[in-house]
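Chain lettering (A, B and C) follows the sequence in which the chains are written, and residue indices restart at 1 in each chain.
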């Protein structure tokens, strides 16, 4: 009910705004003039600031843009991406359609869906970026789909994520490789596994992963959720969680707040099995002394959820040219290789190796490595994200079941 | 000079009142409209109660409310009990003066840093458990115990009590002379009453009315805390304020309506907690009437004194332990359980952070200094007006002073941001400074008012009769004579500013990054080493402020001992 | 010097009459007002000096000879005050305290010389840069007296000026104070509850009663 009224209210508004936005998007084919216009601009890049590796990488990007393009990039460190969305909403409420405070947002999934739906985005622009072709979007449909929602050039791919499990090989001999095995494992090792508190992104992702692994037919999950079939489709998930929770960390009465908190619990030795959305995070965390050197990574046998994270420009960004140049630089082989370095950040590239020349490929091949790194080839088994409407509905159902003991 | 003085004295009280009431009132108006469905930017054009309905159907809402309500009352009651018992048992002793000296620095510890330190200390993998493992406990891995984050909020209450005891103690110290505590106490002791009984029977009835507003501020803060709850509170469900903040930040923008209703509900819960306290106050007064006059000279004085001593030493111990924990983590590489000490110690975390620290430190210092300066000028102006007209601040003005401390900040900050955008005020450092001043000013006033009012009026008479104009009396007599309490109040204000998270984030549109915004966003990110570095720095800044406030007058007035002891 | 004239002065507290007085104090005369505490003695001094608290209301006029003081601000009345505590400003040196009341004219050196001379006069030579907190009670009282006199008052008000001093010192200070106000020919009003003060002053005594 909530959703339908939501649509009724927002669709007309959205239509209005996409028209005006596409008018502004002209002239993207003349890249040189964009670079010229961007010169001297200050770009406010709103990006989650909870991870020091990410922050350091963004600081490096900012240095590069200063020296190469004379663009001043300011990292606005968010606790939650929704803070930036709120700001754009408030600006729109005030009729500020030209000099918004946010120039670029690191975004995907629900936040993208919400901004797209409410006409808060500038574009289309992403496919006109000179470096966009290096992602080989024809072979990699996930570059054009964000949680099944068509991107339509409103955001540019930046990095790749895939649900990756990791464990302490000192304490675990053979980790569980499927959802049922996970349940058995927790029964033998009570209190040594948990997942982040829903609606944290990673926590909600675990729900979707479990659901995909438990249902026979995954097709309904790739269509908008309907109240009619929700109970039936998700019944196996609740049954599973009901038996899983008593064996979780703190008997499922409390959950860590985020994926990073989960990692900290692994570092403290409270857990011996955990998971992350960034396949290279365990290796980077070992290199960074946050995890023991005995950590190993793997992907579930049936494959795990994967998605791409993007950058988007709000409809009222003050420095669109600068934001475009920044987004294009983020897609450059040099910036992507530096990002994938586990001693820097360890965020997987979105570029297709086939689309790169030999020298560019070499930059990726030469990156450092350690035993915690996910074995090559594991990332092939990627399951696409369900329709974004499932996320919100699952979160609501989870909260009403487990949100208050 | 004289004319600007006269103008300043005339304007300051009104400017202060405006600064305090306008943002709170405006911010509240900004959430009331969306709570009832009106927010045109999100398509809300009609008034409706639907969002309240959604809110009330929210799973776990009852528990969230209960948690906030109970936390507010219990942490205030425990803090007050510790303070009263401690004052009663130890006033006029050497221990008392020692604790008194520790007070202001303790007050300077930001809530977030204290909570982070406490979590590092008491968690199953924390310092305390490491010290006992595996030797005493036999634990090879951290035990699976739900603390902190226990469903009753005990860890959260402990964290709040740790911070509120110094605050209430400081407020009591200011109030004691005002209710002739020493005289009353001596008289009751002479009549044969034990120290604690004497305190409870003759001093407390006079002291309590002076502590009422600070206690209300404690209840309001505890029932609506976000940062302490995020670090030490339960998660399923969290206290209401945390949930409201989550809803405000929900990607689904239609949640803003329900979040606004939630913000108003939070205000209601806080008011309910205050009303309950008021009722309990009334009942206790009723029931205690006979006890006050029953003539019993001893009421387990030694036993209760022991409890007070235990509670205060435990608080001090916990704070010290938290500090040690923070320091160790900031120097740790990989530090597996159950090793009690990190090996090897490394400066890597500090070095890594060093390059990124400059900006947040300078920003925090600039904002803190300017906000404190602005608040101090307004406070001094308001107090000077009071002194000049020999008329105490009226009760309604006193209430306005407490407004930002009594209205939960989640309830009005979001509305304030809407207004900020609507009037086209650019987000940034100026807006953040004004936002901080809203919270800094009340504390500066609370710290300074007593000293200002207690200054013997004969100093003024004397100086005037020696030919000094009111402005000259202010500049040449009152200001220098009050330099010590003034600097202490400024240090308190600076500490308050350093601790602010939400106003910095919201009013600065995230562009203004201070040591605190960095620390809280890192605490969410879970790298304990870096979090420890930031928490320590967050703690060091106000400590430096206090060191300056205490040291500077000792340097400047090193040959004016009368000034340092009398003030 | 001119006489200090209190013309039909009546002070009330929230409508209740507190005291009434109508008298003239000649230059060099010390008039003593006596009475138990609460009778409003200090309030009378506050009214004359110009600091009546808003809780009180007063009528009647104050004159210094032909010159009316009633509506003047306190700092323009040039009425010197001496309290039971010496109230030396703790943030100023002994010399700074003395200089505080001096008129701003004259060079810095001249003012300094003046301060030195006064200190010598009261037996505190070389004390100019001392911290007032390091002085004895008697020394402090003497500095306080000289501070008032240096401001060149045209009348003196003494508020229980000797009650804080011990007996030996009290006699000495009484002598000094009365000698100096007579020497400067100042009309002086003293309030006290000590009959010995009144006796030492040797002037008229007005008894107030509740």
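Everything below uses one rule, namely that contacts are C-beta pairs under 8 Å (C-beta built on N, C-alpha and C of every residue); 3 or more make two chains touch, one makes a residue touch a chain.
What you see is a predicted model, and the numbers here were worked out from it, not measured in a lab.
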item	value
Touch-network distance, chain A to chain C, counted in steps	2
Innermost chain, where centres are averages of C-alpha coordinates	B
Interchain centroid distance [CA atoms averaged], chain A/chain C, Å	81
Inter-centroid spacing, chain C versus chain B (mean Cα positions, whole Å)	46
Centre-to-centre distance between chain B and chain A (centres being mean Cα positions), rounded to whole Å	37
Residues of chain A that touch chain B when the two form their complex	2, 6, 9-10, 13, 44, 46, 49-52, 55-56, 59, 74, 76-87, 89-94, 96, 101-102, 109-111, 113-114, 118, 171, 190-191, 197, 199, 249-251, 253-255, 257-258, 260-264, 267-270, 272, 288-293, 392, 399-405
List of chain B residues in touch with chain C within their complex	389-391, 456-470, 472, 476-477, 480-481, 483, 557, 559-563, 565-566
Contact footprint of chain A on chain B as seen in their complex	39-44, 54, 59-60, 62-64, 123-125, 141-142, 144-146, 149-151, 230, 234-237, 246, 248-254, 256, 332-334, 336-337, 348, 352-353, 356, 417-418, 421-422, 424, 427, 505, 509-511, 513, 517-518, 520-522, 524-530
Of all residues in chain C, those that touch chain B in their complex	46, 49-51, 53-54, 73-75, 77-81, 83, 85, 87-93, 100-101, 103, 131-134, 147-148, 151, 153
